[in-house]
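Going in written order, the chains are labelled A, B, C and D, and every chain counts its residues from 1.
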Amino acid sequence: MRKLRTAWLKSAAFGAALALSPLAAGAQAADLPSVAFVPQLTGIPYFNAMQAGGEKAAKEFGVHFIYTGPVDANPVDQLQIVQNLVNQGVQAISVSILDASSLAPVVAQAKAKGLKLFTSDSDAPKSGRAVYVAQATDEGLADTLIDELVKRTGSKASIGIVSGDSTSSNLNTWISLMQARVKAKYPGIRLLAPQFAGGSADRADQLASDLMTAHPDLKGLIAVASSTCPGVGQAIETAGKIGAVIGTGYCSPNTVRSYIKSGSFGFSVLWDPAALGYLTVWAGKQLIDNKPFAASNSVPGMAQPIIYDAGTGILLLGAPTVFTKDNVDKFNF
Amino acid sequence: MAASPASLRLVRAAGGRELTLLAGCLLTVLVFSLASPYFLLAANLATIMRNSVELLIIGLGMTFVLAIGGIDVSVGLVMGLGAIGVGQALLAGLPLWLVVLIGPLCGTLIGAITGSVIVFGRIPAIVATIGLLGIYRTAIYALLGGSWLSGLPTGLTTLVRMTPAGVPLPVIVILLLYLLAYLLLRWTPFGLHILAVGQDEARARLAGVAVRRVRFLAYLASGCLCGIAAVSYVGTYRNVEMTTGASMSLDAIAAVVLGGTSILGGRASLLGTLLGVVLLRMLVNGFTLIGVPSLWQSVVTGVLLLAALIAENLVSGQIPWHRLRRGAA
Amino acid sequence: MKNPHHRSLLLLATLWLVMLLIFVLIRPAILQLSMAESVLHFSSMLALVGLGQALLILSGAGMDISVGGMVSLTAILTMMAVQAGVPAALIPLLALVIGLCLGLVNGVLVISCRLLSLIATLGTMFAYGGLALALTGGATVSGVPGWLLPWGRGTLLGIPAHFLTTVMPAYLIAAAVLALTPLGRWILAMGNNERSARLVGIPVGRIRFILYGVSGLLSGLAALISLAWFGSGRPDIGTNMELESLAAVLLGGVAIAGGRGGVGGVLAAVLLVVGLQAGLQYLNISSSWQLGVVGLLLILALLSDRLPWRFAKRV
Amino acid sequence: MDKADPFIRARGIGKHFGGVTALADVDMDIREGEVLALLGDNGAGKSTFVKVLAGAHQQNEGVLEVAGRSVVFASPQDAAGSGIATIFQELALSDNLTVTENIFLGRELTTKVAGFPILRRAEMRRRAIALLQELEAHIPDPDRPVAGLSGGQRQAVAICRALNINARLVIMDEPTAALAVAETRKVLTLVRRLAERGCAVVLISHNIADVMAVADRMIVFRRGRKIAETTRPDTHAEELVSFITGAHPSLRVLEQAH
């Protein structure tokens, strides 16, 4: 009995050690200042690209970069990770907010410890964050997508929306801004109520198929979450509606390259997430060094000047890129 | 204990479930075809079919697992793992026949792991599969390493979209699988043993049934079917992401139970599973067509499941309204 | 170590030490007060939900996989009621009552309608969780008054206030009831052998019905914590809680068939799971590893339960 | 009783569990065509002896011969292979399977189709009906699940199971426990018929009336030993009871001797 128990403990310890083996990578140079980025969820290409950009910037600016995020798009898990980074005393922590209210509990703690908490990719405007590193303005993203789509569908059309998790605040913001744009500028366009696929390709495919069936006059389909892009593209291909229904969305070129080439996607709107990650780490370093942002900043390693709006506290990467058949092969993320 | 009329009624009710479900399906078709002019279009029915394929295949495996008195909340992730195998095989440019085999191979392998932990480790199925759920999820993350397999080569897609003699290939495969499962259940000793083990393991053992082998094989079969579903998934969506299959396990359990297979084991209804899956998928499709937001779909699933089971208990006189007595296992 | 419950407690304690040791060896800085505090902070909701789950399983009523949905829906319904004009002062009461009602619905389904608990709560899991999302369209419902927030975010005597005021009393009461009262003996007896419990006149159905209510009540309490913590009602606050709480309960040494185990182990397991998560995060290891480690621990813990037994039988 | 060799010949059978002697020095012959009742109080050793016969336990001492060959059964399957079938108290029937399926469970008749064993349902059904008729068991439909059968009918199915493996010895453990009076009578008839068919039947029972009704020979166990052996014509209920309880005068002498 005793023997068995020791054997068990050994195996448990071994199992734990095995599970923890990748943490050798976690050992770090303690003297460098740390900048962390917490994505909405790990394991999707978009945030992977941001991670790559962040790592590049970390080398460039001499900081230690931490990339860690929740497994599901779950605000409590995200909060726990941020809390943990605060406990670690990471000097600058940036978060792609899942839900605007979810950051509130740690903001005060971070301030008390003198840590810089800021947002990147998805904002929580009233949380008291230090700065928001934006890929583009939300309006700019919504307007570009709608304008580009209307160019292709004509000004009289029904357009469907397939989003990811219904609880993601940045996706919901874009959707409402798209609706506002249509209302203001395109009276002939009917934007259907958004459907939520919750981040899986098969659900997105199903919802997109159903939307096309329910609305035979549908001329456009917008995949708001990058996780729904392949499903929407696939649905248009399967329905044999290439050309009749134009797919689009905020999708990385790699995810939708084959759909743009097959014609089921007319275009895709996105920014370079690697550049956004790069800019995030730069901003973190600036905050750590207590250097204020100027109205226009020149960031080493970035071609264009970076605009800062002191009123809203937004640091703007630039205008979004529109990917089409002609330029999609020039990008790899 | 033995010859109560209640248990007789239960048996009859089980046979009646398929009829009830069929009626439910027909009613659904009727209502939706009146509510939406697009419901009965061939294209829409094809969509329903296409979106049911994976759940139909996984549900078939779940039918076996429930029939032996087991449960598996990790099947969706087994499909996910299989899909990674199939996707990598496609990317590696392996010949198509090998790609098609890799799915069931991965699935069977993982089914063997699941089965071993449950049967030879003697861990209750629900506990073991909750544990395995975590392990499989981590495995998926570790395997995909943060990037999806997307825009996969179209070789498999062409295959999945083939329509020999005008019938889509997945339909043929599913019919074949269900036919095979029917033959297995009805016409082989293994089928009898599954039902006997599910009904009462100790008695089956006394009767000379190799209980462990039967249970193990049921998990193996379920794993293999998840692998087949993975082939279909990759062929259909050309994409494998982190969440592939994550919500599929509970959907499968719901559909199979709706179909009349008992979660206590000893009863398997293949037709019921088929109808249960189709009914759930039809409802989801129909509600989207008539403009109900997709967020209501899980509410519909839950309420339908509860309503069906309560109705059954009412009809079979299982509900003693006069007093609160029995709990459940 | 005759008592299997003590055995599993010992196991958990050992696991705790092993875990702590590994973490400390790698990053000594992990030993800090704020770390312990945040572990407790993130344990509260899971601990409460897990307690309800544990009591149900102990009584042999089976598992409740609707707990996550109950937490979400309670949070949402409470805040919707406030927005509809119910005085904000009633939020605590409202959350508890709504949670209780949702729990009792499960009780009615299982006890009165005689559905199997797994299936009944699977149905309500879909229904509750789905309703929370559908009613809000996924948006959070704001309007939690400021006076509630310190309770959700602050500490008392160095311990998170909600942990001190909910989890600790709840577990103490539950442990006392199980150990000292006839009701506690009954719960264990009916979990151990339902038939004989009925024969000696224990009102099995009624007790289980009440326990479903208790599970709902505790879920309501968890929802209340979430409100005070985030300052808003979130429709997805209970996501994944069903499986997490089940894993914690089983890891805590409660036998799935009922009748064996205690609530102390459950609390220890919750702290282990959350501590593991926090530790891994502290080392900046992807939290996806935590799922696998917990899964592995769960299986190993049960295998270790088997081994000596099997060994003994062969001799 | 003047038949040739007995089917079972047990000599000096002993069984210990740790330091406890459950069975000591038991001799017994069991012949085909007779019903042998084993009697005794709880813990008297009759069940242990039967478990040795059925292959559930292995004897520590003594020789067990089946049809003249010395055997040690490693498992119930072994015993079944030697023609010994046990009908357990709980009958080992699957409620959800039909009468026919239960009779053949674990020993299905199959034919290989492309290497796969396929059930010969028609043949199984035919044989089931034949068996049921032979026993005059009143089961109208062999395609009905056994869940709907009465206790007596279930006993009949269990007996058919035993016959189906061509058992030469059928061990029945309390077959009439928990049966109604009419049902009990039917089962006892079945037991007789089984013996008339040439089977050896070993019956464990607490019910003296049942034993007196069907058994040809009775053996009484007490404290792990065989203490009495008698035949129906030579005994009566009171005597059996006094053997079981240890009140019989001859036992006093015996016990003092030990």
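Convention: contacts are C-beta pairs under 8 Å (C-beta built on N, C-alpha and C of every residue); 3 or more make two chains touch, one makes a residue touch a chain.
Source: prediction; values computed, not measured.
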Which chain lies at the heart of the structure, taking centres as C-alpha averages?
B
Could you tell me which two chains share the largest number of C-beta contact pairs?
B-C
Farthest chain from chain C by C-alpha centroid distance is chain D
When the centre of a chain is set as the mean of its C-alpha atoms, what distance in Å lies between chain B and chain D?
44
From the C-alpha centre of chain B to that of chain C, how far is it in Å?
29
Using mean CA coordinates as chain centres, what's the gap between chain A and chain B in Å?
34
Chain C and chain D: spacing of chain centres that average the CA atoms, whole Å:
52
Scan chain B for residues touching two or more other chains and write them down.
137, 141, 293, 295
Which chain C residues sit where two or more other chains touch them?
133, 137-138, 286, 288-289, 291-293, 296-297
For chain A, which residues are shared contacts with two or more other chains?
42-43, 71, 166, 196
Could you list each pair of chains that touch, in label order?
A-B, A-C, B-C, B-D
Of chain B, residues touching chain A in the complex
36, 38, 41, 43-44, 47, 50-51, 54, 137, 141, 144, 146-148, 150-151, 161, 233, 236-239, 241-244, 246-247, 284-285, 288-291, 293-295
Chain B to chain D touching residues, read off their complex
2-3, 7-8, 10-11, 183, 186-189, 191-193, 195-196, 198-200, 202-204, 206-209, 266-267
Tell me, which parts of chain B touch chain C in their complex?
71, 73, 117, 121-124, 126-128, 130-139, 141-142, 250, 253-254, 257, 263-264, 293, 295-303, 305-306, 309-310, 313, 318-321, 323-329
Listed in rising order, chain A residues that touch chain C in their complex are 1, 4-5, 8-9, 11-13, 15-17, 19-20, 22-23, 26-27, 42-43, 66-72, 74-77, 80-81, 83-88, 99-102, 104-105, 108, 165-168, 172, 196
Under the definition above, what is the set of chain C residues touching chain B in their complex?
59-63, 109-120, 122-131, 133-134, 137-138, 190, 194, 204-206, 208-209, 243, 246-247, 250, 256-257, 286, 288-289, 291-299, 302-303, 306, 310
